[in-house]
Every structure is written in C-alpha cells, then in structure tokens.
Amino acid sequence: IKLSRSKIYLAIILLHAVVLIGVLGYRFLADYTWTDALYMTVITMATVGFKEVQPLDDTAKIFTVFLILASVFILGFAIAVLTEYLLGRNSLQLLKK
Amino acid sequence: IKLSRSKIYLAIILLHAVVLIGVLGYRFLADYTWTDALYMTVITMATVGFKEVQPLDDTAKIFTVFLILASVFILGFAIAVLTEYLLGRNSLQLLKK
Amino acid sequence: IKLSRSKIYLAIILLHAVVLIGVLGYRFLADYTWTDALYMTVITMATVGFKEVQPLDDTAKIFTVFLILASVFILGFAIAVLTEYLLGRNSLQLLKK
Amino acid sequence: IKLSRSKIYLAIILLHAVVLIGVLGYRFLADYTWTDALYMTVITMATVGFKEVQPLDDTAKIFTVFLILASVFILGFAIAVLTEYLLGRNSLQLLKK
C-alpha cells in the first residue's frame, strides 16, 4: 500500500509536468495566448478536442502528436496506479472481515 | 454493499449537478440557447467535442476547462464506485457457491 | 459463465441497434447521405467527433444528445459484461491450477 | 504470465500496424502530407479528433470508419491484455506474502 501511494504521487507529478509542457509548447511553439494554451492543452489531454484554437504548423502538429502520446501513457499509468491502490485497499478490508 | 450503494447515489447526484452547472454556464456565460447549452455540455462531458457551438471568449474557455476537469473527476469516481459495486456483488455470488 | 455469454450477445445486439438508430436518424432527421450518416454515427459513438458533417438543427442536436447517452450506457454495459466474462474465465483457470 | 507477455507483444505489433495503415491510408487515399497523415491518424486513434485536417471524400470517410473500428478493438485488446498481466503479477505478489 505504501509503495502504491508513492506511485500515486509520481502519477500526479507526471500529469502536472505534461500539462505544463503542453501549455508552454502551445504558448511558444504556436504563439497561443496563455488562456488558449491552457484551453488547448486541456481539450487535447481530455480528448475532447473541439478543434485547434488556432491552425497549427507542422512543428506544432508533431508537438501535439507527442503531447497526445505522453498524455495517453501517463493517464494510463495514473489509472493503473489508482486501480491498484483501490483494489489493494478493498482486499485489505475483505481480509479484516 | 450498502455503503457502495449510497456512493452510487452520490455519483449520480454529482453527475447531474455538473450537467446542470454546464448548461447554466453555457446559457449565461456564453449566451447559448438552452438547446445549444445542453448540446455543448453533453458533447464536452462525453468528450465527443465536435466543435464549440459558438466561439467562446476567455471566461467561457476557463469555465470549459473547469467543466472538463470536474467531469473527469466525477466520471472517474462514478466508474470506480460502479466497479466496486459490481466486483463486490460478484465476489458475494462466488462466496455463496 | 453461460449467463455472461448471453449478456455478451445482448450487448452486441444493443450496440448494433444503436448504430442502426444513429444511421437512420442522421439519414432522415438531418438529411445526411448514407455514407455521411454512418460516418457521423461512428465518430459520435467512438467520441472522435471531428465535427458535425453538416450543421445540425435543434431536433438533430437533441437526437445527438440521446445517441451519445445511449452509446455511453450501452458501451459501459458492454465493457462491464466483457470484463465480467474475462475475469470469470481467468478465475476458473486459477482454480484449475 | 509468459502467455500474457507474448500477448502484450502481439498487442504492440497490432497497434503499430494500425498506425502504419492509418498513415498510409491518409497519405495515399486522401493525399495528405506525411506529417498531416501521422497527425490525422493519432488524433483519430486517440479520439481527440480536432477536425479532419483536410475534407475527406466518401472513400476516405469509409476508410476512417474502419480505422476507428480497428483502433477500438485493438486498443480494447491491449487494455485487456495489460490488465490481465498487471492483475496476474499482483496476485503472484500477494501469494508470495
């Protein structure tokens, strides 16, 4: 359980790092405003993806490809870690009964 | 199992609350019609996200960021609670065999 | 396990029914071509949602809201049934060891 | 566990195959540039789906329908295999305690 908890912290830190990279990328690679960069990062990572806030050039498209892949892996890791934690806690509660 | 069931009710209430906040937000922050506000809320929370029904200003974009985050957490909670309930029921059936 | 399998058939039938309703709805409510109606149904149900193939009026938007909700519930049911089936089969294999 | 690991390799190979088919399809069926074809494939398979990079004709729409279906099945298979692997490893660790 202790190991699980430190993995949850790792997942949260990684998630924040990807959001930060996303915001900085759209701010400086694609010249978005800060609000648009945050909005674009969130609609991309949550896979809502209304449409690109401003058209992206090839560099920004490749950046988006990597942001999506990083997001998929880190969200997958976060879900796996959280599931492991919840299942572990439930199993412990069952054993106590 | 009883605890799980009251958590399911909580998840359902929270989900309805987020939908309501979404509809009211798009109706009054972004001046959408009621139909468009409901449509925008559903395509956002289900992550279908065709495109913004009408362009959003910065306030409405920040509102959308919070709606997406709230939706992700509450849907995650709902899925966790439902999984816990179904696994619990299945384990009980196994123990009865 | 037998019960699980008949639930899998039910999930498959329900999924096909929703796809059919989606295609018919976009064909006749929104005057899409058959190809566009199929394309719109698939990008909606898979939550890819590039953008509406043709603009939707209020009736078609409400139809889309119901299609998304039906899709979420039936895909959720399908995933639950499939998970139950796979876990059941794995548990059986563990018991045989 | 050994069986699971070879299924993980299969899932990874299938995923790469679908990405490759997607890129080739958008490059030659829809005349996208290589960058746009990769971008379109990734936003489709990750269900971000901002909007079609260039408008698609009927052939390219049908191709996209099949790409989405293939993606859903293979990602579903990958998630099932990975879950099986992680649960199996966790159960082993529990047995060792």
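Labels for the chains are A, B, C and D, by order of writing; each one numbers its residues from 1.
One rule holds in what follows: a contact is a pair of C-beta atoms (placed from the backbone, for glycine too) under 8 Å apart; a residue touches a chain by one contact, two chains touch by 3 or more.
Here the structure is a predicted model, which means the values were calculated and not measured.
Asker: Under the over-half criterion for shared residue numbers, do copies subunit A and subunit B use the same patch or different patches to meet?
Answerer: different
Asker: Counting contact pairs by residue number and requiring over half to coincide, which of B-D, A-C or A-B is equivalent to A-D?
Answerer: Checking each pair in B-D, A-C or A-B, only one repeats A-D, namely A-B.
Asker: Between subunit A and subunit C, tell me the centre distance in angstrom, where each centre is the average of that chain's C-alpha atoms.
Answerer: Going by mean C-alpha positions, subunit A sits 26 Å from subunit C.
Asker: Determine the centre-to-centre distance between subunit B and subunit C, using the mean Cα coordinates as centres, and give it in whole Å.
Answerer: Using C-alpha averages as centres, the distance is 18 Å.
Asker: For subunit C, jot down the residues that touch at least 2 other chains.
Answerer: Those would be 47-51.
Asker: What is the shape of the graph in which nodes denote protein chains and edges denote touching chain pairs (line, ring, star, complete, other)?
Answerer: complete
Asker: Along subunit A, where are the residues that touch subunit C in the complex?
Answerer: 47, 49, 51
Asker: Touching subunit B in the complex: which residues of subunit A?
Answerer: 33, 35-36, 38-39, 42-43, 46-51, 82, 86, 90, 94
Asker: State the interface residues of subunit C toward subunit B in the complex, per the touch definition above.
Answerer: Touching subunit B from subunit C are residues 44, 47-52, 58, 61-62, 64-65, 68-69, 72, 80, 84, 87, 91.
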